[in-house]
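In what follows, structures are represented as structure tokens.
There are two complexes below, and they share subunit A, which is joined by subunit B in the first and by subunit C in the second.
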Partner chain A sequence: MARNDYLRQLGLIPSYLRLSLLRLGENKLQLWGAFATSAFSFIFYAIFWNVMTLQVPILTGVGWVVWGVGELTFLVGMTNLAWSFGAFFWMGIWEIHWYITELGIEEYQIRPVNSILQIMAQNFWAGGIIQMSVGIIMLGLSIATFGLVITPIGIVLGLLALLLGQAALYILWATLASLAFWIGRNAGLIEISDAIEWNFARMPIDVMPHLVQHFLTFILPVIFISTVPTMMMLGQLPLEPTLLYLTVAGVLVFVWILIFNAVWQAGVKRYQPVGG
Partner chain B sequence: MSSLARINSYLAVAKISFRNIRQYTVDFLTNFAYFPAQIYALYFIYSIVYTQAWIIDGVTTIGGFTFTQLINYLFIVIVMQRSLPRWRLGTEIEKDIDRGPLVSYLARPIDYAGFKFFGEFPRSLLFLLFGLITYVITLIFIPLPAPTIGNLLLFIPFFLVAYMIAFLLVFATSIAAFKMSQIWWVRDLLSLAMTLAGGGLIPLTYFPPVIQSILLLLPFQYCYFTPTIILQGYYAVTDLLPITLISVAWLIILYVLVRLLWNLGRRGYSGAGG
Partner chain C sequence: MPLVTEPVAVIDNAVKVFTKPLVKPRKGIFRRFVGFLKREQQTVRALDGVSFQIHPGECVALLGPNGAGKSTTVKLLSGILHPTEGKVSLFGMNPYRNRIACAMRYGVVFGQRSLLWTHVPVNESFKLYQKMYRIPKAIFTERLEEFSEVLDVKQHLATAPRRLSLGERMRCEVAAALLHRPEVIFLDEPTVGLDVVAKKRIRDFIRRMNQEENTTVLLCSHSMRDVEELSDRIIMISRGHIKYDGPKHQLKSRWSNERNIRVVYKQTDGLDWDGHLSGIPGILSHESTNGELRVRYNQEIVTVSDVLKTILDLVKIRDIEVTEPSLEDIIREIFGEEERNHERLKLMKPAKSLNTEVI
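What follows is the complex of A and B.
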């Protein structure tokens, strides 16, 4: 595909986002619902860490950060923020295996726009903005309540790590979902990796054993969802590991794009539309 | 329709539901890797908490649980969470109401709630069975305190009560689809409430006494906390009668609530198209 073609297709994203906003405007109750679930989810885990820190005031492990109740609450807010990005842009990734096995991808293939972009764009969820604002409020609250200090450079680096890590994670999921071309409905496979992400994202991964940390950095890069951005934003990560984490996240995105592309192309070749 | 015929039709629903599960064996079996994912995340955090509590205060028991007991608790609680109705059933009911298939159920001589209740039950039983098998296999490798046969037998009626309460909670919230579209957030809220107030992430005894006493009044604890504690044998026999009475009272309250909401929701509901 020519470079201009890619740019033209990416230029469609704002239109898809506008459509998503319009759809959301039709059901305002959903906005409040998104707000309530985000806030409750934050409160839920803030309670969890508060109860934990009632037993021991700080968690220390093999990492750089000493996790007190403030840092842990910030970490939960960061998870909310990360998931709001996920809800906003990446929801369609979860649907790929569904499209392959049940809905069909042929109608997307005949249009002059990348099929994956279409599936993703159809599932853009503007309600993510609400979750995002809740995440930001929660981060602000934890800073104000616990006297945490964040730096502008820390924010930039933290967000960069988050966006790269999240992209790597979602492209990995897209690859798993594309295995539906061969093994049919495979929600379970995605659910396993999602379960790992869901359960580990709200934990300070750097206090866990090295083997777990390596798995959650190189294999399933959950560490970039909240632990690394939190450490960077709170300015608690030295320069060398900061650069190392950013490099790893960038390389992971690149590698997973290559793998996904190969799997998708092979799958499309073997795909047989069903129904009529 | 006679009672016998009605029971037979519900059993047929359960059989069909069981067959449908078998169609997706790979998908179904991969779900069991879910247990380790959940248990490991909590295992690492709790191991740090217990280690530091021991180093700082010389404490080995938190909220009435030693570390081994807690891991045992979490394992069973996760099996319960995977087994009992939650998100997926709620989505099904919402789709039935919102997109119209409910009309075809209403035309049949079968109660929709009963249909869903018996349709979901085989799935819950299978998840419980596979979860318990995973648990028994784990006991071979990790020396966790295994439940006694007596506790296992006592657990069965409490699992049934847990199933009914979870089903009624999910059903009651899904009925909101009569009045609103896109009620995923109602399900999310219920799911979070069930996990937190049901002891799905932290045993209720970890909470400060005031919060604990509030949580113990709610129905959620009968879904996860109570059956798990009973399987572990942490209840005195004298506690069983009040627990049974309160859980049955909650069942009745929720059943009445579901019937009221269902009748309210159905009023004015009509399906269009074909």
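What follows is the complex of A and C.
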């Protein structure tokens, strides 16, 4: 495909975002729900880590970060931020298996745009801005309350790790969802991965046993959506592991794109229409 | 007029095989459990060696009963599906491999699916399509004006599709599919569920696109009115095979010797129409219900007066109507014959149906 055509397709993203914002006005109650969920999640985990650190004052992982109550509160804020990015941009990934088995992918296949881009863009959820705001407020509160120091370069590197890690994770889910071409409805498979992700994301993964750490770095790369960005933003990660983590995240994104593309192409080839 | 242009769409010996679970009643919990774990599949040949070409500017109707393979054909041509065997080409390209390039040049209206965003005003969806198809602003505005007039969609542009009636929404759907002036339009049941006024507006608009802009149209519809008014050529498909491919008038002329008589008569007890009419040469079929008799006959073999004489000898007639067979009658007859042949073959081969195979 010509470069020009990729640009045409990417140029549609602002239009999709606009439609997403317009759609948001149709369901204001959902916005309040998102706000309440984010705030409740933060309050619950802030209390949880406060209670935990009363019992175990310091959690030490591989030696780079000492997880006190301030760092842990920042980590919870980071999880909410990651959660909001997921809700905003990646919601469509959850719908893929549904389109394959129930709704049909025809309406995406007849438009001159990549089908996955359309599914993602059509499911952009502008309500993620609320969760994002809550996440940023949490990060600000943890910095102000516990006297944490963050640097601009830390923010850039942390966000990069977060975006790469999240991309790897969601493309992995998209691959699992695309198995619906062969096995039919598979919402359960994705829900298992989702449960693993969000349960581990709220904890400092570097304090866990090595086997679990490796699993959550190379297989289900949850470490990149909260632990690694927190360490980078707080400037507590040395240069060498910083580069290593970013490289691993980049390679994972690349590998999962290749795997997903192969699975999707094979799936579309054997696709059977839904309802005629 | 002979067609000398290159075909815009070509289907060459296309086969499309689908699989579906074989539903088998199983007795006993263990067998049901095994059946749950290991489901037998059967293959269905939705298309079985279909070939045809469509030239620019043609308006072709693809007809067939439910499950005949019409939608599968459209989906092969639009690049949604990949043929199991055979070749499919659109604009000289493989539509499956060059889906995006082809989609820039065709438009699709699926009567059962929507191109519009349900929750946002219709004009917002149109704006997205303007960018998607890179329609220059001046042309987009001009096109929108044209659609507003012809399809009467202007007052609906600021309304979300979910708040529109089916007819209003379908007119907007047609507009959305044709904004970019496609060279080929695939219409799959474009008037399903619409009232007569909405149907007419859509038909008139499609005919205008076909005649004034030389747009090629492939229409799948169960509405014979759509077919009668729009198409020049008919492709009849049944059980994945083409049964007829030719001009509409030729199809009608094949049945030009046939006539239908409808007689309303005063009912008489114990009347055996079968015994009186079946033996007359040239009478092709007859049916009677509640004092109304319908007879189909070949006027080359038997005259209308002979048929009426037989009827008059038996009953008192209240009303008579003699008509030529409509396109709908002809098509019903062709598919009815096909169905009867299939049932006969099924009785001869009870283990396997014609176009399915257990794997």
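The rule we apply is simple: the second predicted complex is superposed on the first by the 271 of 276 C-alpha atoms of A that agree within 3 Å, B and C clash if a C-alpha of one lies under 4 Å from a C-alpha of the other, contacts with A are read in each partner's own complex, and residues count from 1 in each chain.
Methods note: a contact is a pair of C-beta atoms (placed from the backbone, for glycine too) under 8 Å apart; a residue touches a chain by one contact, two chains touch by 3 or more.
Note that the coordinates shown come from a computational prediction; the quantities given were computed from them, not determined experimentally.
*Asks:* Putting subunit B and subunit C onto subunit A via the overlay, clash or fit?
*Replies:* Overlaying the two complexes on subunit A (C-alpha atoms) leaves subunit C and subunit B fitting together cleanly.
*Asks:* As a test of reading the superposition: which chain, subunit B or subunit C, is in touch with more residues of subunit A?
*Replies:* B
*Asks:* Quick one: is A:Leu54 in contact with subunit B, with subunit C, with both, or with neither? Answer first, second, both or neither.
*Replies:* After superposing on A, A:Leu54 lies in contact with subunit B but is clear of subunit C.
*Asks:* Once the structures are superposed on A, label A:Tyr271 by its partner contacts, choosing first (subunit B), second (subunit C), both or neither.
*Replies:* second
*Asks:* Quick one: classify A:Arg8 as touching subunit B (first), subunit C (second), both or neither.
*Replies:* second
*Asks:* Answer with first, second, both or neither: which of subunit B and subunit C does A:Ala34 touch in the superposed model?
*Replies:* The first partner, subunit B, only.
*Asks:* Pick one for A:Ile155: touches subunit B only (first), subunit C only (second), both, or neither.
*Replies:* Once the two structures are laid over each other on A, A:Ile155 reaches no partner at all.
*Asks:* Is A:Ile137 touching the first partner subunit B, the second partner subunit C, both, or neither of them?
*Replies:* neither
*Asks:* Just to confirm the geometry: in the superposition, how small does the C-alpha gap between subunit B and subunit C get, in angstrom?
*Replies:* 8
*Asks:* Help me check something: in the complex, which residues belonging to subunit A touch subunit C?
*Replies:* Subunit A residues touching subunit C: 1, 5, 8, 11-12, 15-16, 18-19, 22-23, 26, 104-107, 109-114, 122, 268-269, 271-273, 275-276.
*Asks:* Quick one: which bits of subunit A touch subunit B in the complex? Just the residue numbers, please.
*Replies:* 27, 29-30, 33-34, 36-37, 40-41, 44, 47-48, 51-52, 54-56, 58-61, 183-189, 191-192, 195-196, 199-200, 203, 207-209, 212
*Asks:* For subunit B, which residues count as touching subunit A in their complex?
*Replies:* Subunit B residues touching subunit A: 24, 26-31, 33-34, 37-38, 40-42, 44-45, 48-49, 52-53, 56, 59, 62, 180-186, 188-189, 192-193, 195-196, 201-202, 206-208.
*Asks:* Which subunit C residues qualify as touching subunit A in the complex?
*Replies:* Residues in contact with subunit A: 18-20, 71-72, 75, 78-82, 99-101, 103-104, 106, 108, 110, 112-115, 117, 119-121, 124-125, 127-128, 131-134, 160.
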